[in-house]
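The chains carry the letters A, B, C, D and E, assigned in the order they are written, with residues numbered from 1 in each.
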Amino acid sequence: MVDIASGSAAPARIPATGGASRDAAALHRAIFIGLAALLVVAPFALYPVFLMKVMCFALFAVAFNLLLGYGGLLSFGHAAYFGMASYAAAYAAKVWGFTPELAILLGTFVGGLLGLVFGALAIRRQGIYFSMITLALAQMAFFFCLQAPFTGGEDGIQGVPRGKLFGLIDLSDDRALYVFVAIVFLGALALVYRIIHSPFGQALKAIRDNEPRAISLGYRASQYKLAVFVLSASLAGLAGATKAFVFQLATLTDVHWSMSGEVVLMTLVGGMGTIFGPLVGALVTVTMQNYLAQFGAWVTIIQGVVFVVCVLLFRQGVVGLIAKFIRKPL
Amino acid sequence: MPEIRPTDDATGSAGGEIVLQAEGLSKNFAGFSAVSGVDLAVRRGTIHALIGPNGAGKTTCFNLLTKFLTPTGGVIRYMGRDITRMKPADVARLGLVRSFQISAVFPNLTVKENVRIALQRRIRGSSLDFWRSESVLHALDQDALALVEDVGLSAYAEHLAVELSYGRKRALEIATTLALKPDMLLLDEPMAGMGHEDIDRTAALIKRVSRNRTILMVEHNLSVVASLSDRITVLARGQVLSEGDYATVSTNPRVIEAYIGAGHA
Amino acid sequence: MISKARLLAGAAMLGLAAQDAPAAAQVSGDTIKIGLITDMSGMYADADGSGGAEAVRMAIEDFGGEVAGNKIEFVVADHQNKADIGAARVREWIDRDGVDMVIAGPNSSVGLAVAKIAADKKKPFIAIGSTSSRLTNEECTPFTIHYAYDTVSLSKGTGAAVVADGGKSWFFLTADYVFGASIEKDTRAVIAAKGGTVAGSIKHPLGASDFSSFLLQAQGSGADVLALANAGADTINAIKAADEFGVGQSMKLVAMNMYLTDVHALGLQVAKGLYMTDGWYWDLNDETRAWGKKFFDRTNKMPTLLQVADYSAVRTYLEAVKATGADDGETIVARMKATPVNDVFVKDGVIRPDGRMVHDMYLMQVKTPEESKYPWDYYKLVKVIPGEDAATSKAESRCTLWTNATQ
Amino acid sequence: MPEALLAERPVPASAAPLLSVDDLEGWYGESHVLHGVGFDVKPGEVVTLLGRNGAGKTTTLRAIIGILGRRRGSVTVKGVEAIAMPSRLIARLGVGYVPEERGIFASLTVAENLTLPPQVKPGGLTLKQIYELFPNLEERAGSQGTKLSGGEQQMLAIGRILRTGAKLLLLDEPTEGLAPVIVEQIGRTLRMLKTEGFTILLVEQNFRFAQTVADRHVVIEQGRVIDTIPNADLDANLGKLKTYLGV
Amino acid sequence: MATLFGVPLQALSGQLLLGLINGSFYAILSLGLAVIFGLLNIINFAHGAQYMMGAFVAWMLLNYAGVGYWPALLIAPVFVGLSGVLLERVLIARLYKLDHLYGLLLTFGVALIVQGLFRNHFGASGLPYAIPAELSGGHRLPFMFLPTYRGWVVVASLAVCLATWLAIEKTKLGAYLRAATENPALVQAFGVNVPLLLTLTYGFGVALAGFAGVLAAPVLSVNPNMGADIIIVVFAVVVIGGMGSILGAIVTGFGLGVVEGLVKVFYPEGSATVIFVIMALVLLVKPAGLFGRTA
C-alpha cells in the first residue's frame, strides 16, 4: 500500500554512520530514564489527575502510532477500542467487583478482540478506503454502546471503584493511583519500543516501506497488518481501561468518532513514526483541551487549525523535527 | 532457418528438467488482451531471457508468473506443482523469488537491515513474535554483511537505503533476493536505468549467482541477453514469436522484423 | 451508615449556626468561589451555556459581589459534553483553586461524574441541566441538590396532565438510549395509573435525522397522543416531519423534553399546537417578565428554565452562606434543605432530604403564529403540575439517604 | 487531401530551429535518466530519436512536453524557453503529443477522444478532414476508445492532435506492436504530414520504418546524444547503428 | 389486506417511498464525494460540513437578505461551491503530490473549523427554515400521505443526479473530467488547464453537498452538527458502492436509503447500524464494493 509514513512524509531520514543504531539506542535509554525521572517529580509541580490523563492519552496515541507510524495504516476508528475497553473495565470493576489489574486486563483483551474483528475486515482494503472502513465500523461500535444497557447510555458507567490493586494497595488515594498509572504507562511504552525493535517490527517497517517487495520475500503482509492492528487495538484498550480508573467513569465520549480524530491529531502534532512523538502530542492536546475549556467552541476550531497547519507545514511533527535536527531517530 | 517451436524439447539447448512451466497463459485487461496463450518452459540451471519489443507483454507475463497478477487463463507449474492460484508470498516461500523493475528496496531501513529482512524468516518460521528482542537479529548480521559485500556495498552497510544511488539500489535488491537462497530467480529488467559500469558489474553478478540456480529474466538490453542467457523466448503482441538460443532467435526474420521493423524499401 | 451520620451532623450544625451565625462563621480563604461547568459549545449551549453563566453573574450582582463580608468569585468552564473533562476540571477546581460550590449544566454523564467528586470533597453540588433521576435515587449523595428538573418531573407531570386533558391512548417515539427509555417507562406507569393506554412505541436510533418512517407507523396506530421521548435535534427533526405529514391533525403531539430555545429554533409555524412540560416560563407573571427582560437585555435571548435555575440556585446558595456565615458543605446543604425557596424561579420550592428540589411544573402548549403577539411569546399555559406530582415519592425512592431517614 | 493543409508550405531547412533542446537533464522517479540531451529540429523537418530501450528516448519526449517530474536544461519552442512552463502552456505553443501506448481514454468514445484536445493554434484539421484521413474512425465514432484495434488507436492518437492546430508533433513509437500493413499506413500519413509542413519529432525503435519518413536520426544512449545520422547516410551507417541499437 | 411479515403491503410501499427520499440525500452526497475522489483522489471529509453550510447559507439568505427558497436553491450551492474553490486553491492544491491520506486529514481539520465557527456564531440548537409555500401541504396517495416537499426532494435530487451524470458522460467538460481521471498528465499535455479542472471539480462536488443542504433545510434541523454524522454513513455508502462509477454512487445511495427505510419498519433500533453491517458484509464478499473496479 501507499503508506503515509514513508515517501515524502517520511519520518526524519537519518543518515546512519557506523554504530549509529547503538548511539540511538543509548539516547533512547537516556530518554526513558529522563521520562521516568520526570514522572517522579512532575506531581509536585502539576496536578496529578491531569498528569494521569496525559499518560492515558499518551498511551492511546502511542498505540495508535504503532499502527500508523510503523504499520503505515491510518485507522480513523481507534476510539472504538479505547472506549469499549473503558466500558469493559469499568463494568467489570463496578458490577463484578474485579480488582483493578484484572479489570484492566479484561479491557485490554476486549480492545484486542474488537481489533481482531474490525481489523480483519478493514485490511481487505487499502489507503483511504481502509480509513473510511475503520471509521464506519467504529461508528457501529458507538451505536452499540449507545443502545446496549450495560453502558448506561448517555449517563455512562459512573462511580467506578478504584479498588485495591492485587487486593492489597488502595488506589483511591491519588498518589497510589498515580504510581500505578505511571508504571502501566512506562511498561506499555517499553513494550511498544520492544515491538518496534523486534524482528516483527523490522518486518513491519519493511511492509510499510514496500509491501510488494516484502511479499516477494515471502512475508504474508496481511498477517502482519492484522497482527499490528490487534496489538495497537489492545494497547488502545489498555489506555482506555486505565482511564476508566483514573476518572472512575466510562462514557460515550470515549467511543465517539471525535475521539478517533483527537488521537490522530495527537500523533500528527507529535510526529508519526517516532517513538516519543505521541507523548508530546498527547501533552499538547490534553493541555489545550483543559486550559482552553472556557473558550467554548474555539477548542474545536483550534484543533481544526492545528490539523490543517500540521498537514500543510509540519508533517513531521514536533519530535520528528527534533529528530531531523539532531539526526537521530526518536 | 527452421522455426523453433517453444515446446520443441529436442532443440532444448541446456539444462535439466523443467522447473517453471506455463501453458496457455493469458491475461485480459478490460477487453484488451495483454498476454494470450503463452507457453513457456524454464529448465533447471539455465538463464532464460524473456525479450520482446515494448508492449509485447513481457512485464504482464512476468507478473503472472510471480502471481502478482492472476491469469485469465492457463496453468503455471513450479517444480511440477500447480501454483496458478497461489498467493505471491506463498510462491516466494516455495523458493521462487522475483525482483522488481523499479528499484525495490526498503527505503527507511539500512542496507544491512534490508538484507536481514530476507534472512529473518530463517530464524523462525514466522516472525510474528513481536515480543522478541532485536538482539536475536544480530545473529544474522554476519550473513547479511557477507551478502552486502558480495554486491560491493560494504561501505554503505549502515546507510539508509533511500540514500543509495540507483545502481546501488539495484545491487542491494539483488543481495536481498539472494539472501533467500532461492532455487529460482525472476529478474525484471535488472539493467534498467543503469550506466555502463553498473551493467557490467550486475551482469557479472547475475552470472555468478546463476550457479546452481535457475534464472528467468526480462531484459531489454540485448547485448546483456546475448552474453548471459542460455535460452531466449521472444514475445510480441502478447504471444511467443520465437524461442531458442541467441544465435537462433537473433537470426529469425520474424524477430528482426518485430524489433527493427520490416524494410519498406 | 456514614451518610446518615453526616446528615445528622449537618443538621446539628445547622441548629448551631442558626443561633449565632456571625460568631461561628468561617469562610475559608475569605472568598466564596462558585464554579459553573456546562456545555458552552455543544447541543445544549443555547439552553444553558454562556447564558447560564450570565444568570450566575446576575445572582452575584444581586448580592453586590460579596456575601457575609466575603468576596464572591465565579469561574466557568466548558465540559465539551465530555464527562472526563468535566470531572477533571471540577476536581482541579476543588483541589487547587478552592472552589466552594459547583453548579453543572446539562448532560447527565457530567452531572453524575461531578456529583461523585463533590461528595468525596464534601462540597455542595447543584445539578441544573442533568435529566437523570439517578442523581437523587441510587446515586444520591448528601451534597447533591437536583434543582431544575429530571426525567421524573418530565414524565410524571406530563403523563398525568395530558391524560387528564383527554389524551387517553399513547404512542411513544423513543430515542434508543437511557434517557428515552426511562422517560418512556416512567410515563407509561403514570398513564396506566391514570387510566390511559399505550398503543405502541418505536425505538429510534439517536440522531436518526429522518423521522417520517417512524411517524407513519405512529399514525397507523390510531393513538390520541404521540409522545416524543427524545431530545435536541431528534425532537426538532421529529416535529418538523410531523408538521409535514400532518400528524398534528389526528394526534396530540407531546414533546417530553424541550427548552424554550428549541421552540425558538423550530419557529411557531412548525411547533404550533405542541404540548410540552417546562419548569418555568418568562411570561408567567410580572416578576418573571421583569427578570426575563433583565436577562434579555444582557444576552439578547429570553431565559430558559436552566438559566433561571442557575440564577436561583446561586441565590439560594448565597443566602445559605449569608445566613450561616460558613462555607463548608454540610452546613450549607443542611441550611438549603431546611429553607424553602422563594424567588423568581419557584414559589415554596422545597429541597428534600434526597436532594431533589420539588417545585411546580407547567404543561404548556405552543401558540400558533397568530396567537403570538410579541417576540418570544411562545407558550400558553395548559395546566400547572403540582410539585409533588412531578417527583418520586418516598415509597418509590431508591435514595438510602432519604428512605433510611427517620423524618 | 484536406485543403487546409495546403495552406502552409515547408520552411527552408536553413531556418531557425522550431524546437531546440539543450543540455536537457531529466529524472524518472529516483533515477537520473537524461544527462544533457541536445539537438535541434528545424521547421518542416522529421527527426527521429533512435536508441535501445531505456536509452531515454521516451523520457526526452516527456521532458520536452513537460510531464516529467524533474527536468533541467533548456527546451525552446519557436524561440520561447519552455523549461519552466507547465505542460499545458507548452502545448499552447503549438506542440502536439502522442504518448507511448497512445494514451487513448477508455472512458471516452472515439469521437470524444478525437475532440478532447483543445485547439491551441488556428488552422487545425476539421473533424471531417480527419475522418477523411482515417475513415475507420468515423465508422467507430461511438464506440469506446480502447475497444479499437491497436492500429485504429494509433490513428486516433495521431488524428486527435491534428485537430488542435499544433504544427510540432511529438510521436512516441507510433508503430509499436502494429501489423506491417498498419505500419505502412502510418508511414504514409507521416509523409503526408511532412509535405503539409508539419514538423515531427519521432521516437522509434524500428529504424526501417524511421528510414522511410525521417530527414535525420538522432541516436540516444544512456541519456545522451551520441550520434546524428542524416537519413541519406543511414544505409552506410547500418553497422554502427546496429551496435547502437544492440541488435 | 395483503401483508408482508405482518406489515400491510400498502404501508410498506409508503415506507419504500420514504426510504427513497432519504436515499436522495445519500445519493447527492455520495455523488459529490465520488466526483471529487475520482479526479482529486481525495476523500473529502469536509463534505458533511459543506452540506451543513448549504443549509445555513439558505437560512442566511432568507434572514439577512430576504432571499427565499427558490433562489437559495441556486445561490447557496454556488456560494458553497465558491468556498470550496477557495479551499482547493489555498489548501488542498498543496497536497496533490503527497499521500492521499493527507487530503483526508486536511479536510477533517477543515470540517472541525467550519463546524466550530458555525457553532460559535449560530449556537447549536438550530434555526427554523420553513417549507416554501408552493410546496407545503401534500397529496393523499392510495397508500400514504405524501407531503409535497418530500416528493420534490426526490424529484429534485433525481434530476440533479441525472443532470450530473449527463454532464459527465455527455459534455465536453465531462469528457475532460473523465480523461483527467484516467491520465491527468496527458490531458495537461494537450493544453488543458488541469489544475483549473481540479479546482472546478472540487467546487462542483462541494456545491452538490451545498445543494443537498438546502434541500434538507426545510425538513431537518438546521444546526451545525447536521453534517457530522451523516457523512460517516455516506462514507459507508461509498465503500459499499465502491466509487467505481458515477452511476454506482447514485444507485447505491438511493438503494441504501430504501434498505434503511425497510429496516426502520422491521427493526427500527437497527436502522442506525444497518448500513455499516451491510458494509461489513460487502467487504467480506466483494472487497472492491458493488460497483468498484478491482485494483
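Keep in mind that, in the parts below, a contact is a pair of C-beta atoms (placed from the backbone, for glycine too) under 8 Å apart; a residue touches a chain by one contact, two chains touch by 3 or more.
Because the structure is predicted, anything quoted here is derived from the model rather than measured.
K.L.:
Among the other chains, which touch chain A and chain D together?
P.N.:
Intersection of chain A and chain D contact lists gives B, E.
K.L.:
For the chain pairs A-C and D-E, which is connected through the larger number of C-beta pairs in contact?
P.N.:
A-C
K.L.:
What's the chain with its C-alpha centre farthest out from chain E?
P.N.:
B
K.L.:
Determine, using the mean of C-alpha atoms as each chain's centre, which chain is farthest from chain A.
P.N.:
If we average the C-alpha coordinates per chain, D ends up farthest from chain A.
K.L.:
Could you please state the distance in Å, as a whole number, between where the Cα atoms of chain B are centred and where those of chain D are centred?
P.N.:
Those two chain centres are 33 Å apart.
K.L.:
Once you find the CA centre of chain C and the CA centre of chain D, what distance in Å lies between them?
P.N.:
That pair's centroid distance is 79 Å.
K.L.:
Quick one: report the Å distance separating chain C from chain E, using the average Cα coordinate of each chain.
P.N.:
Taking the average C-alpha coordinate of chain C and of chain E, the gap between them is 38 Å.
K.L.:
If you average the Cα atoms of chain B and of chain E to get two centres, how far apart are those centres in Å?
P.N.:
Each chain reduced to its C-alpha mean, chain B and chain E end up 48 Å apart.
K.L.:
Can you list every residue of chain D that touches 2 or more other chains, as numbers and ranges?
P.N.:
106
K.L.:
Note the residues in chain A that touch 2 or more other chains, in rising order.
P.N.:
Residues 143, 147, 296-300 of chain A each touch two or more of the other chains.
K.L.:
Note the residues in chain C that touch 2 or more other chains, in rising order.
P.N.:
41, 45, 49, 176, 205-206
K.L.:
Which chains are in touch, pair by pair?
P.N.:
Applying the touch criterion to every chain pair yields A-B, A-C, A-E, B-D, C-E, D-E.
K.L.:
For the complex, which residues does chain E have touching chain A?
P.N.:
Within the complex, chain E contacts chain A at residues 43, 91, 94-95, 97-106, 108-117, 119-120, 232-233, 235-236, 238-239, 269, 272-273, 276-277, 279-280, 283-284, 287-288.
K.L.:
Across the complex, what residues on chain C touch chain E?
P.N.:
41-47, 49, 176, 202-210, 212-214, 216-217, 220, 232-233, 236-237, 240-241, 244-246, 259, 261-262, 264-267, 269-270
K.L.:
What does chain A use to touch chain C in their complex?
P.N.:
47, 49-50, 53, 143, 146-147, 152-156, 158-159, 243, 247-249, 251-254, 289-290, 293-300
K.L.:
Write out the stretch or stretches of chain B touching chain A in their complex.
P.N.:
Going through chain B, the ones touching chain A are 66, 68, 87-90, 92-93, 97-100, 104-110, 113-114, 116-118, 120-121, 123-124, 127-134, 136-137, 158-160, 162-163, 176-177, 180.
K.L.:
Please output the residues of chain A touching chain E within their complex, sorted ascending.
P.N.:
It comes out as residues 2-4, 7-9, 74, 76, 121, 124-125, 127-129, 131-133, 135-137, 139-140, 143-144, 147, 257, 261, 264, 268, 296-301, 303-308, 310-312, 315.
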